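Chain nomenclature is as follows: A, B, C and D, assigned in order of appearance, with residue numbering initiated at 1 for each chain independently.
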Amino acid sequence: MVNFSLMGAGRIGKMHAEIISAHPNANLKYVYDVNKKFANEVAKASKCIKANSPEEAINSKDVDAVLIASATPTHTKFITMAAKAGKAIFCEKPIDLDIKKVNKCLNEIKNTKVPIQIGFNRRFDSSHAKAQLARVKKEIGELEMIVITSRDPEPPGIDYLKAAGGFFRDTTIHDFDLARFILGNDPVIQISAFGEALFDKNAKKQKDHDTAMFILKSKKGVLIHINNSRRAVYGYDQRVEIFGSKGMIISNNQTPTSVERYTNRSTTVKDTIHFFFIERYEQAYKDQFNEFVKCVTKKTKPKVTFEDGKNALIIANAAYESYRKGKVVNIKF
Amino acid sequence: MVNFSLMGAGRIGKMHAEIISAHPNANLKYVYDVNKKFANEVAKASKCIKANSPEEAINSKDVDAVLIASATPTHTKFITMAAKAGKAIFCEKPIDLDIKKVNKCLNEIKNTKVPIQIGFNRRFDSSHAKAQLARVKKEIGELEMIVITSRDPEPPGIDYLKAAGGFFRDTTIHDFDLARFILGNDPVIQISAFGEALFDKNAKKQKDHDTAMFILKSKKGVLIHINNSRRAVYGYDQRVEIFGSKGMIISNNQTPTSVERYTNRSTTVKDTIHFFFIERYEQAYKDQFNEFVKCVTKKTKPKVTFEDGKNALIIANAAYESYRKGKVVNIKF
Amino acid sequence: MVNFSLMGAGRIGKMHAEIISAHPNANLKYVYDVNKKFANEVAKASKCIKANSPEEAINSKDVDAVLIASATPTHTKFITMAAKAGKAIFCEKPIDLDIKKVNKCLNEIKNTKVPIQIGFNRRFDSSHAKAQLARVKKEIGELEMIVITSRDPEPPGIDYLKAAGGFFRDTTIHDFDLARFILGNDPVIQISAFGEALFDKNAKKQKDHDTAMFILKSKKGVLIHINNSRRAVYGYDQRVEIFGSKGMIISNNQTPTSVERYTNRSTTVKDTIHFFFIERYEQAYKDQFNEFVKCVTKKTKPKVTFEDGKNALIIANAAYESYRKGKVVNIKF
Amino acid sequence: MVNFSLMGAGRIGKMHAEIISAHPNANLKYVYDVNKKFANEVAKASKCIKANSPEEAINSKDVDAVLIASATPTHTKFITMAAKAGKAIFCEKPIDLDIKKVNKCLNEIKNTKVPIQIGFNRRFDSSHAKAQLARVKKEIGELEMIVITSRDPEPPGIDYLKAAGGFFRDTTIHDFDLARFILGNDPVIQISAFGEALFDKNAKKQKDHDTAMFILKSKKGVLIHINNSRRAVYGYDQRVEIFGSKGMIISNNQTPTSVERYTNRSTTVKDTIHFFFIERYEQAYKDQFNEFVKCVTKKTKPKVTFEDGKNALIIANAAYESYRKGKVVNIKF
């Protein structure tokens, strides 16, 4: 049984609290949030202790692992605390928006040996993972192109935008990681980035984007396209296409039911796809957590590492540089 | 070059006139119709001679083949005339609605040797034909079930109904033939039939049906289901499913374009399927005719014979007997 | 919190034990099975008491509800015991294979008032249920046809067959119930049944079937087709098609992932569908149980009643009569 | 009746000869090719005159229109000749590989008034055209993204490559035009281009590409992605996705039949898609030609103009500049 402290009890923290509670080998002991109301809600629902300080949550002796789902700027601090206390760490993406803070954290924890897993949940989606495995097994021969479509159902509020670090670091970072996941040991070396604010007034106000397109190139010459939007009225559009010398695999969208309608106006009409990430990646979030529990109990190496978190941020930063300069930027890890 | 006379210049006759004219090895010489206006229209459009009598159309020396698309009750008379004149014959389904007339015709032409092909066009649809070929090649192992869905877009008028010989003989006859086509040399031996008049006032008035379901059994024990409707608001629903020990093949519906729509209400929305048989089976009608021209020019045996036409009618008659008696009827060919 | 006794700890009983344990408002107190090993396994996994007798399991004061998943011949006895003990009852299908025992049971419990729910799980499948709801809301206008395809992945062993009561009572009974579910208050009044033993030696030995087709007719004239097989090599084929005056709805099959493959031989290649009922109807089993817990805690009326269980059996019996006599049989409830 | 001269009797010329011959209002009078064998073949098949010189073909009094399907470097010469002779002109893409020659040609013909249509056939594909029309009608609201996937089945030989002018000018030019078609009066203003030679030795030898990706931006900020490959083993992959504020439309691939296979390894298996452009765009080629005949007979304005041909080349040239410089290039028309 792995005993957990949960840092952060907002939307994503609550989801994690439920996943921890439902896992046969995990137990939620403490929850901490600066927002006491949120912390109380989770403490009550999960019958765990509301910690009065991060220290109480992280350092308590009866805690084996810390799940960090708090505000992004607190991530590196909690990682460092937990690593020094010898606790296993699961941290939501991104590690931080500032690469300097990420590097500093890495330096501070370099002598600790706790397992750290970063929350790139999409790697655990059974469809995306099946496509990746097919690439590994060369079922499509030599990989030549990747096309990732990733569109949110609707834009977030301005408060979210202010803290999110920009569209590329907040959203595309998932797709950068997914591209790295599929590429395996073939690193991305170049990027060209386009960003626009076409419809979201808040994005415009923040000089942020709501629509973006990217091309990346790997060392072996694989070309990767990513496109993002803050708004897809038909739901959370999540598609991955891998193309190679022997064929193509598409990890396609999923509808909640398998119902098809036929009327005098149209045929094969399916439901809208899943609304957003909590519905779409429900299985992925569970399997991601299960994998982390296995890392702790069976001393296996995490499948998504601190380096993965750092490298995705490096690509996002290069994307911004490409966008600003209007040129292809070389990526150095 | 095969020179044709066309008997009948109504809707289906006009379609055949166009197919004959477009064929590189066929030539339309004469057209005959009791309705002079129709005959004139085809004669003008196809630049052929309007015959003043069936005899002129059929017996003229410069005619090699007769395509019979006239009213059903005239079929056997024209077949007999053409066979005795030594002309190759393509005759629209059904041969006749009365099995006695069919048998009499068969007797009258038994000593003639002209090729006769019956217009069961669906056998030539490339998708249905591919399913049938897969059955022959045992791609689904041993055949165990066939499910045929065949629904018209909208009911015909009462005049059509009065002459059509009943829903089973007019419409299901195509599906009976399709079942026989897929079964190959395994004959159907039993049938159970249900018919209802659920929505079409004309069908009710005529004590005819607009909705029907059938189960047939072959000698080897293959079970076949057919369902029919006179009205499918989404278009002409034409599906064939064959199921066996090693898998299943579905010859599915087809939409005019490959466009898919995604909105805030639904996804993967396709167009309505083809409206009716002339659009849906355009390729089949052409290939059927091409096959007939080959029979004439290369002296090959027709792929859909007079016996096929007769046997489909025998099944339709057994279907009516089953319906009337409320029991499973044995079929004897 | 509803405290349960579980009768039967075989494959389906184990599944129910897990569902009870995972439910936030349910608690597994006792398990009983004539097979002590099975009972011990469940008692251990679910941390509940292994009852030494049906009486202990059913009559214990700390038990609110009894879930009956034991061998079919024991169902009516346990229902009667539980009803007389005032416990809520969830009973797996079928109630019994013998309509006399079902009627006797009904008579014995007529003065009891406990809620009884029968395990027709498919009614709770979100896709089938959506199709049914669309029928209720007349989204397809007036219902005219239902086509149910229901094929198991592989035949069971001979021991199962010996106890199962025949293909129609064991398997088609689910489809008979599903047809009744979709029809609502329009009862089925006629049936025609075909059964064959085409591939399963055990079925042949037992004079049972492995392949079957049915047509049913409702009072309003709706025609219903059902086809069944004991073997579909591509998985558990579960499709429901409802067709009406304004369109069609298909509750289609589901694949475990949304991956599509494209090679030099084929395109849009999807995985095989779910292997069997436990995977395919996972959501339905959970929602079915949740509904039952609601009946107990909120005193609502069960959505699948004892009468539903009885009526499905009556149809199955009529199917056998139709099969034996080779005729359409009228159904009386 | 429009009388045609055909310049060029190679593969694409032969296809055009057949289309001209089959058209009810067109007539093929002359064919010219430097390769006399090719010219003879077409002359014989289409029963037209083999011209001994371009002048004979183009200037003959009984010729109304010239269809130019000869080698690319001859296009502008023949356009000029035909325009000065007052003949209507249909010219295959590209007008030329050299923008200077295109401009010179434009200058030479500026005072002529013959209709000129360029062979961007994809605009006439009924699925792509339906997507474009939906954009015009704002069925997807405001356009925000376009994703074009365009992959050939297999690389051409080295002789073709030598004359083709590079992958971007030979292949992507179709997609540049398709993007312009969908954008309507919103011009593209920027491009970023990536090209690789991953598998085709001939492409490597020629310092050409076999794999490419592009991002374009329109004046209104619409982002457009194009990806190309010289080899897709599953067939000629032609997809267009348009995405906007109210939804998405995909013009998807098409398989020759509607057959789906289900086995113990996979389900919903469709045929490979159409092999290449002649099969895939058969309808588009015919409708394109029909449109041109209408321009000639009804004096309507061509839907694909000389400017369209020139502008697609300008984008291709900008793509090469972007590729060479590793930066986003501004496009000036």
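The rule is short, and it goes like this: contacts are C-beta pairs under 8 Å (C-beta built on N, C-alpha and C of every residue); 3 or more make two chains touch, one makes a residue touch a chain.
The structure presented is a predicted model; accordingly, all values stated were derived computationally and were not measured.
Ranked by how far their CA centres sit from the centre of subunit A, the chains are topped by B.
For the pairs A-B and B-C, the count of C-beta pairs in contact is higher at B-C.
Put simply, the C-alpha centre of subunit B and that of subunit C have 42 angstrom between them. A straight line joining the Cα centres of subunit C and subunit D is 58 Å long.
Computed from the mean C-alpha positions, the centre of subunit A lies at a distance of 58 Å from the centre of subunit B.
Within subunit C, residues 232-234, 246-248, 253, 261-264 each touch two or more of the remaining chains.
Of all residues in subunit C, only 142, 144-145, 147, 149, 151, 190, 192, 194, 196, 198-199, 211-215, 217, 221-223, 225, 227, 229, 231-234, 237, 243, 245-248, 325-328 touch subunit B in the complex they form. Looking at the complex, you find that subunit A touches subunit B at residues 232-235, 253, 255, 261-273. Residues of subunit D touching subunit B in their complex: 22, 126-127, 130-131, 134, 139, 246-254, 256-264.
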